[in-house]
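After this come two complexes, each holding chain A, first together with chain B and then together with chain C.
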Partner chain A sequence: MSLIQEARLHAKPPATAAQRRAAIAWMEFDSPAPPLVAVLLLIMPLIANSFFLIEIFGTTLILGTIALSLMLLAGYGGMVSLMQLTVAGFAGYMVAVFGVSGSANISLGWPWWLAVPMALALATAFGTFGGALAVRTEGIYTIMITLAIGAAFYYFTNQNWAIFNGHTGINTIATPHFWGVDWRSDIAFYYVILATAALCYFAVLYISRAPFGLALQGVRDNPRRMAALGFNVNAHRVAAYAIASFIAALAGVLQVWNYRQISPGSIGVERCIDILIIAVVGGISRPVGPFVGAFIFVILRTFALDFLVKVGLDGNRFRLLIGIGFLVIVFWSSDGVIGLWERWRRRAVRTESRARGGSGHG
Partner chain B sequence: MDSVARRISAVGAGAALELRGVTRMFGALAALTDVTITVRPGERRAVLGSNGAGKTTLFNCVTGDFLPSSGTIRFFGEDITHFPPYERIRRGLRRTYQISALFPGLTVQDNVYLACCGVSRGRFSLLRARPDDALMHSTDLLIGAVHLTAVKARRVSELAHGQQRQLEIALALAGAPRFILFDEPAAGLSPAERRELIEILTSLPSHIGYIIIEHDMDVALRVVESVTMMHNGRVFKEGLPQEIESDPEVQELYLGGGHD
Partner chain C sequence: MPNDAQNRRPIEMAGALGGYDGDGASGRQLQSPRSSSGSHRDERVAGVSRFIERHPAWALIALIAAVVLLWLIFAVWPPGLEEAIGRKKVFLNAVFNGITLGGLYFLVASGFTLIFGLMRNVNLAHGSLYLFGGYVGYAVSSWTGSWVLSFIAAFILVALVGIILQLVVFRRMEGEDLRQTMVTIGLSIVFADLMLWAFGGDFYQIQTPQWLIGPVELPLVTAVKSSGEAVYLRYPLVRLVILAASVVIGVVMWLALNRTRIGMMVRAGVDDRDILAATGVRIQIVFVIIFALGAGLAGIAGVVGGTFQSISPGEDIRFLLASLVVVIVGGMGSIPGAALGALIIGLAEQLGSVYIPTYAIVVTFLIMVLVLAIRPQGLLARR
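== the complex of A and B ==
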């Protein structure tokens, strides 16, 4: 643990119990919930059937990781990028193009351990280049440029047959087999996803308190001041795009292994916006937010249709339900579900300390 | 004392900061017109002038927040006229802001640590600082130098105004400053805090020169050896503090009637 954090924890020695609790609330593992969730996720294959394991939890973790890359940019850097899914999709396409797939005329047939690093490197370069274009702008223009990159890539894959196989996309993409394990079998694949998501989550958490992350938050709050402290603000922003692109690319590789196919439909503009919704619904102030948002999104997407049909409405309107949920959460909390959760906890702590104080006097 | 006067008039080589014919236009409005100022290394100078005299614009041109419309700026002999701000900072130039420009969501320690990172090569480090980190050590020293050790773990938004002004100075002292621009560091300070500010300024190592914009003549004239008087974007008068203070024209313009 860094000195900064220690100093923060030992901030005010003569504090009351309530104050100390409030101070501890700034830590990451402040309640029994995180360790509980960690254990649950680890033993999930014992509890859940294969549908829940991959379609719900696997998908949640993959989408959450893509949204985590947006959280890094938007939450710490103040840059709303709509191209994070595009970067993930780019990585997925590269796995298909360099690796083994059903489209033998396109795929180069490299083994996965060559194709994946290649895909990660190219997708990171792609996202960094897009970021370099976007950082020259602020606010809504950043959103416009990254959306334009996403839309351009979508239409390009639709029309390019030589590499991206047009609107058909690339099917039956091979997944890794080694050490006698089929890594796309449900349980093995679930752990691959969980390990990747956890790695990205803790990396973002760690970086947020390292000089780079602190400086990124400084750039978000006051870029002019950061320049007057010796920081090259744009270089910092581009570096943030590079890290975020790598995270998105990792998730993109998992995504393509999950579905074993990729087509322009997987990277459409509405999918890009889904990532924004996931991050905002979950909350972009902390790395856990995107995963919470992804879970809500996947649950709604999976079950809203059945629910709507059951109450006698058109099942195709499930996006309406997502939209309403989005509106409700954003209306009640500018920081998504995480914000609601923190507010509720603070209130619970207050009531508890008040109750204790009362009993002490009585 | 006349050696000081001679040094002020000596123009050219060896200057810490040299502005030649600097003009800055905002549309048709000239905020600065043909400003020529030379400050030697280690010199401490006040820039006086009423509101709108161009003092802060002058600072913004020197730090690179604005580019001058014409003229050149040299920093220790190097032409920095078209350098981006961070390149100037990395060469030893520093500034503070009239309205504190801090990071309110971060702690005092994080603010100073950021300033130390900005002028070090660890700017992009993805590794958290260890307790024995050199940057951490200089962070603690700086916090001590501006008397904020007691509140170093507080968020800046919780600090009193005077403490924020002290933190503002700490950020400008990070790394190895050679020349500092102080933009009204005493604004809003109590008399006791002013005394503390004067103590901090006068105890700076003698090789660090500065320019200070200050309306409070008691503060300004106690911490400088030379004065530049500005009026309507032009240099109006330069001289020793006593000369400027007793100059009838300056009295008329600034200290007397139209003083707000």
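== the complex of A and C ==
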């Protein structure tokens, strides 16, 4: 295939991308579901008890935010990074190390408003450095390298006692307390999580339409052409890693406040892969996907045991359930649950318009 | 940049065709493998001399490192050195453990790199195949009491799993690298849980056969007694046998790849599988054979790992990561690269665990990062 042919072949994607964006806009703002979900999330503390509020919805939003950072990289940048949880965990560790915790010999005892920015900055730097290594390679190599970075950090925390306190990790980490509010009390913490998740969600949505995001999508579709147009391909990729790392770091801080402890077990390789599963099951083509995936994942993780026991099976087999579910999604829909839903919806619209005799809105 | 790409393309094609030429379907050309592999060897020698020409500093460093290592292994250590870094016996044991571990890593990683090189399929379920091989080997050896039989059973059963995977799963999504990778992740989760279900969370160790138990004395002096009598290194026989076996497997694989028709097809397929398919080779059969071979090797490695270490849940991820690092260091899709990478990683892990015990595993990842920074395609990759 000559280069000209190749160029002609790739001339189409911008059009389809524009169409896709139109479809997204249509789906996200013209249907009644999103405002409904937003209102529901806002009044959740009135409906749900504290278990549902934090264990289900809070965890969903935190995991969803980490997966959102992967979605930004994978969906818009075409780089599947398995180290997003590692970046989040790094931020969590930094909060524990710089802030106040039960391990007085390790923690420096800084107030939270100093420790958190420090943790965010360091985790973003860490993620950007990892990204700068990963962008030296492409496609599936990126998966392998980021997985290896994640594993390296896991083993490092496991063996380092001076900073990371080995495999016991750091416990009883202090959570912020100011203006007379305990921000880790269930309702206040839920709103902190919700605000952070919403901020990240809209930031990613904005980035996807900003010049930087468009250039990033161009890099994903045809790096050679973007380079020829004068874009610095690698700089765009590294910048995407930096933004994604910041988002993951935010979620990591919330994660460590949620559990009040962090250990190598919470940043293990399997956990890293869980994030990929969440993003893929939800759908990595738009920012809602990761949250949907996280919700499904958390529901499965929490209730699969009871469900399996009720059906008469061994309750410990819930990872099998998750694995099979993941396989099914990957097999039948390249765009996760969101893709399935949209396909079903489009079909419904089409049959409806056919019934009316019109040609649909196109 | 476009110009550069245009220039590169024809050369790649020519390379693929050249690789295929020696494998012509007509009988007249059947004698050509010898000559073509000869030219390959010349190429390799030329490659080495070119490397020395281009990077004299690196070549010198590599040479010095090799000489120092050999001296450390064979010479009787002067007392000053023993004071500085400990006894020679410890060092020699670490080196031998590293080399045997490298042999095990090579067995796992060679299948991984072969599958990747030919099918562009990052099989993240490779660790599961290793673990499955280990469990099969344990079951067979405890049932029949035969160590050798457990290798055969593990190879056949795991190769069968590989064939099923290739036929049922990967063939349907050819060319979709990312989707295949995702599927292998899902499969590894399912396999891990199924094996946990079947075998529980216990540690298993495969019984070493009677004739392999016990140490053997090697002609390497570890120390000299005050009476002037030399003390020789004693090392477990079973590990040496395993090392020898993995070297033999490596050499056989190299010969099969470089001297046989199917090997030639594989090499041509690594270069450009579309052209290979276009010339009429039934590439699906080659794919199945390679997947079976790669999976079977992982199964054998499982038995080996179960004999001189142990098998338990979690080993699958450990060996998947080990083969990832080995393959990244050595170069994707290259068998000699896998051998070199396995040796480096095995030695680094063992020497690291003796001399800097806290960060032994981190050292291996540091090596990986270093290789990525200097030579992203891997040490022995061709591109």
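Heads up, the rule we're going with is that the second predicted complex is superposed on the first by the 330 of 362 C-alpha atoms of A that agree within 3 Å, B and C clash if a C-alpha of one lies under 4 Å from a C-alpha of the other, contacts with A are read in each partner's own complex, and residues count from 1 in each chain.
Keep this in mind: a residue touches a chain if its C-beta (ideal position, glycine included) is under 8 Å from a C-beta of that chain, and two chains touch if they have at least 3 such contacts.
The shown structure was predicted, so the numbers you read here are calculated from the model rather than taken from an experiment.
S.K.: So, does A:224 touch the first partner chain B, the second partner chain C, both, or neither?
M.R.: A:224: touches chain B and chain C.
S.K.: Just checking: does A:269 make contact with chain B only, chain C only, both, or neither of them? Give me first, second, both or neither.
M.R.: Only chain C is touched by A:269; chain B is not.
S.K.: Looking at A:210, would you say it contacts chain B, chain C, both, or neither? Reply first, second, both or neither.
M.R.: In the superposition, A:210 touches chain B alone.
S.K.: A:232 in the overlay: touching chain B, chain C, both, or neither? Say first, second, both or neither.
M.R.: first
S.K.: Report the partner of chain A that touches more of its residues: chain B or chain C.
M.R.: C
S.K.: Quick one: classify A:202 as touching chain B (first), chain C (second), both or neither.
M.R.: Touch status of A:202: no partner.
S.K.: I'd like to check the shared interface: which positions of chain A are touched by both chain B and chain C across the two complexes?
M.R.: Shared contact residues on chain A: 3, 224, 227-228.
S.K.: Please give the residue numbers of chain B that touch chain A in the complex, ascending.
M.R.: My answer: residues 63-65, 84-86, 89-90, 94-95, 97, 101-107, 109-110, 113-115, 117-119, 122-131, 133, 135-136, 152-154, 171, 174-175.
S.K.: Of all residues in chain C, which touch chain A in the complex?
M.R.: 1-2, 5-6, 120, 122, 177-179, 181-183, 185-187, 189-190, 192-194, 197, 317, 321, 324-325, 327-328, 332, 358-362, 365-366, 368-369, 372-373, 376
S.K.: Which positions of chain A touch chain C when the two form their complex?
M.R.: 3, 80, 133, 136-137, 139-141, 143-145, 147-149, 151-152, 155-156, 159-161, 224, 227-228, 269-270, 273, 276-277, 280, 314, 316-317, 319-320, 322-324, 326-327, 330-331, 334
S.K.: Which positions of chain A touch chain B when the two form their complex?
M.R.: 2-4, 6-8, 10-12, 206-207, 209-215, 217-218, 221-222, 224-233, 236, 239
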